[in-house]
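Okay, so subunit A shows up in both of these, paired with subunit B first and subunit C after.
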Partner chain A sequence: MSAQAGTVPHRGIRLDSRLRATARSEWIKFRSVRSGPLALSATALTVVAGAWLLGDANRGSYLAASPAGQAAFDPVFTVLQAIELAQLFVGALGVLTVTGEYASGLIRGTFVATPQRAQVLAMRALVFAVVVWACCTAMSFAAFFLGQSALSPAKHAGIGDPGVLTAVSGAGLYLTLVGLLAMFIGVLVRHTPGALAALFGILIVLPVLFLSIIPGKITQNLGEYMPGQAGEQAFHQLHSGAYALGSWPGLGVLAAYVAVAAFAAFALILKRDA
Partner chain B sequence: MIEARSLTKVYGGKAAVDGIDFQVKPGMVTGFLGPNGAGKSTTMRMILGLDRPTSGTVSIGGRRYQGQVWPLHEVGALLDARAVHPGRSAYDHLRSLAAANGIARARVDEVLEMVGLASVARKRAGGFSLGMFQRLGIAGALLGDPGTLLFDEPVNGLDPEGISWIRTFMRSLAAEGRTVLVSSHLMSEMALTADHLLVIGRGRMIADMPLSELMARDSGGRVEVRSADPQRMAADLRAAGAQVTLEPDGTLGVAGLGSRQIGELAAERGHVLYQLRDVTASLEEAYFRLTGESVEYRAAVPVAS
Partner chain C sequence: MSARAAAPGAGSAGHAPPAGYRRAGAALAAEWIKLRSLRSMLLTPLLGTVASIGVSASAVRHNATGYSHLDAVQKAQFDPLGTNFNFVVLGILLFGALGALVATNEYGSGLIRTTLAATPQRGLVLAAKAVLAGLAAFALAVVIVFTTFFTGQAILSGAHAPHVSLGDHYVLAHLLGNVYYMTAAGLIGLFTGVLVRSAAAAITSMFGLLLVLPVLADKITPDAVTRHTVPYLPLNLGDEMLHHHQGLSPGPAVAGLAAWVLVLAAAAALSLRGRDA
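Moving on, here comes the complex of A and B:
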């Protein structure tokens, strides 16, 4: 061993190799703990088993419903709505991916190894998003097919029907965006319980507040633009009433919230002492 | 070499580190010593770019830490050994650090071997003892074979075998020409490990000197005397202007007269001396004398020593 520092691997360092090293480090961290597989398994179980149960339960009620009720029946959203519960697992995983390191103090080790903090956050978000998107998209398709077969012979949808492919792939994107929102909230709050409370408040309490407790047309309209409500429109096939935004605009609104949270998270992670 | 200039960190209007200047030189172990809350950890975090100085600068090898692209090749640090995900194995923990700095997988096995954790490398870190965490932390610091090493309280909570292992290890790292900075609140530990001392109290640098100098500086000129007739000896010494304390075992502690004068006096008065010894203050005493003013929280009633 020499007195001077060991040889630096790449003289004339390029940004892409530094980024690759950070991404690889974040990937190793993600796959070497159990919380990822656990949270994603819980999500998959909820979404897929939920689709079957919801399809099965709604088959009879559809057949017994009035013609107007039957016309308003959305076979895609009906079987995918277990996502409203499953998003809590993805959200918790997003929060823990960040707050876990703050709780143990590992965040300092991470920043000592990679002082480029923005890069750490960006690569962590990228690794998280890719894994969550792939898993959640796969489970959404599985849930869709299983749910539709459980709905039949009541009104059910085929993957080629108008808006269906968008809605099913939108479900995977929705869960990914919720996970990212959770991760950035984790950066802002840094403590697991506080971040979870903030996330669940935004996803669950806000819509209830706007859509149920405070009456009136304005709150109704505002409620439509809450992160969860807007994003959920992604996996509706029929867009009417409180779900008039449409799949892509709805996801766009949620993405805008994620972007705001990301902006604040990057600003703070650079500014604050670790 | 680590160099700080007027380094200051203010938290909520209170200076945790108050304009300190120091250099940490290669080839020796520099002890960073001070009571708890003196500003050691804050200083270390500023060296590593984790905390932003309120004013002043600190650099390693002339460069700011934040600007380093592959920092683990230059600097290794052990801050909080327990800062490991309990569900991650020691191997994966080190792999993630290594990957972040383009360090090969083989080096991970190598450092695990060096610190003696190879056999438990695949086990989840949650079950590790404190000593194993410290070894894992040191393995992490060594990953990039860095020229500069920082250890924050590395012997805290270790058993004697672990302490002696770390001590030997740090000394060998310095002997290889590396810059080694070790913080501790234990003077006795530093006395055995460090060549040079930086003593900090209440955010200010109290002393910056070689260990030997610190020990010599505050010896206080006390002489221990054992004689056949301690009572008569004490009376004669007092008559000659010395302050004398008589221990229950008959040993006399003498201040105000040198050992040479005491010897001559004993010969004149016909005393039989069994022992005549200059007492150097223990490092601990020197340290207390230095930091006495700067201990932040002290018990209202001083504990008898």
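Moving on, here comes the complex of A and C:
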């Protein structure tokens, strides 16, 4: 009994201060490696500069398009499309946030310091999500305004138009969810190359394969429920054709995939040796 | 005079600098051991090969069974070789990622410091890596491309759909073009890996450069700038080489892919020589 005397003073640590301490250590780890600022600036550059380029390049093609083509023209998605490239950087950052620690062996130090592994993972996801969401939402709005000014005098959207605010803030949420998906895949795979290949395979390669190998009505309908395809509907203003799901349902589908990955990640991180 | 000149090297009098070819042989041997002894370097290509052959076989099977339901126009447009190699981009990604890993694995484990201590001639190290990775990529590409071709055409002929054989016009050239494209992707990956030195950055660059960027760029209406840049992305050069339908012709496309490899090789050599490991 008395052998445990040394641990007595620790009994009183309340959950909220423990969570705060874990969050703080996760924040230090996040901001002190180079990949964070690097990946986020690459994302910002791609999204914002891409919006200007896409707006500028599509102005002429809109004016030359047929009335039907002009009606189907989605000014919000057109300028935010560069997110399809930028998601690679956010995804890589999400993977690295976890696998970097496994590669350097720091993960053992982390778990010695905080044996509550679920708490470590939860706080890491929280810190990551807050930072990435704030950055990506800011850059989505910047990209939107820059892209629309490059689009005019062709059809362009104002922030007050129906569906626009949802689409632009949906873009930030989409990137955050992609980052979280990447992070949980990183927990499952624990190796940088393997996790990256799995993530990019799911986001980019899988939809193409799936539709081409088993074509038909059913797979065509399932196609829009693929993680990337569903999530991308978040930053469409017009929802028609292959993008009929809508912004929030699309994000919801992606969030469901993230939740499944999170469940698996929490189960495995508690069970496995580090 | 001669004694003084010999003095600094006196300790190593017995070790006359080895002949160039010996040094090259040793570097090649070292790189070969590193290449073959990594389990991931054996398993990943194996799985990738099986996956890319399997994916293309099942796509061909679907197209072959659907052939009898096509109308006359679609039947006339049916391209037995194009159907067979629809998924060449999968192989390209595989080769790009593997090439990147050959370089970044060593930076990840810190082995690169030992390598450069053992062979301070950094250009030689890079050349040996490139030769071996290139040969390995070439061999793997030959296996993938020819297996894909023979299975695909066998499925097509089994379903009484149009098919081609190796002796037909342009067929061998098409297959060799695919092999060349995959080998080039492997080398692009290798040199990118040497340039960025981290697996994450290298693999992300490969997916971005080889797949996402060209797909995105395709959506932009050509203007003065994009008309002279977008066709020179590796994916478009590869497409051009294999389908020769627009703009560039196969010859310049072959040269363009070679230019990507050579420019990246030069950049990798410069950065490897100039930087601390």
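One rule holds for everything that comes next: the second predicted complex is superposed on the first by the 257 of 274 C-alpha atoms of A that agree within 3 Å, B and C clash if a C-alpha of one lies under 4 Å from a C-alpha of the other, contacts with A are read in each partner's own complex, and residues count from 1 in each chain.
The rule is short, and it goes like this: a residue touches a chain if its C-beta (ideal position, glycine included) is under 8 Å from a C-beta of that chain, and two chains touch if they have at least 3 such contacts.
Here the structure is a predicted model, which is why all the values come from computation and not from measurement.
J.: Which holds for A:S35: it touches subunit B only (first), subunit C only (second), both, or neither?
T.: both
J.: Tell me which touches more residues of subunit A here: subunit C or subunit B.
T.: If we count touched residues of subunit A for both partners, the winner is B.
J.: On the A-aligned overlay, A:S25 touches which partner chain: subunit B = first, subunit C = second, or both, or neither?
T.: In the superposed model, A:S25 contacts subunit B only, not subunit C.
J.: With both complexes overlaid on chain A, does A:G109 touch subunit B (first), subunit C (second), both or neither?
T.: Once the two structures are laid over each other on A, A:G109 reaches subunit B alone.
J.: One more residue to check, A:L245. First (subunit B), second (subunit C), both or neither?
T.: So A:L245 meets neither subunit B nor subunit C here.
J.: A:V205 contacts which: subunit B (first), subunit C (second), both, neither?
T.: In the superposition, A:V205 contacts subunit C only.
J.: Just to be sure I read the superposition right, which of the two partners does A:L88 touch: subunit B = first, subunit C = second, or both, or neither?
T.: second
J.: Figure out whether A:V47 sits in contact with subunit B (first) or subunit C (second), or with both, or with neither.
T.: neither
J.: Mind working out whether A:L196 is in touch with subunit B, subunit C, both or neither, as first, second, both or neither?
T.: Touch status of A:L196: second partner only.
J.: On subunit A, what residues does subunit B touch that subunit C touches as well?
T.: Touching subunit B in the first complex and subunit C in the second, residues 35 of subunit A appear in both lists.
J.: If you look only at subunit A, which of its residues touch subunit B in the complex?
T.: Where subunit A meets subunit B, its residues are 1-10, 13, 17-18, 21-22, 24-26, 28-29, 32-35, 100-101, 104-106, 108-116, 273-274.
J.: Residues of subunit B touching subunit A in their complex?
T.: Going by the criterion above, the answer is residues 26-27, 45, 48-52, 61, 65-75, 77, 79-80, 82-89, 92-93, 95-97, 99-103, 140, 144-148, 176-178.
J.: Flag every residue of subunit C that touches subunit A in the complex, lowest number first.
T.: 40, 55, 58-59, 62, 86-87, 90, 93, 97, 101, 104, 108, 198-201, 203-204, 207-208, 211-213, 215-216, 219-221, 223, 226
J.: Looking at the complex, which residues from subunit A come into contact with subunit C?
T.: Going by the criterion above, the answer is residues 35, 50, 53-54, 57-58, 60-61, 81-82, 84-85, 88-89, 91-92, 95-96, 99, 103, 192-193, 196-197, 200, 204-205, 209, 212-215.
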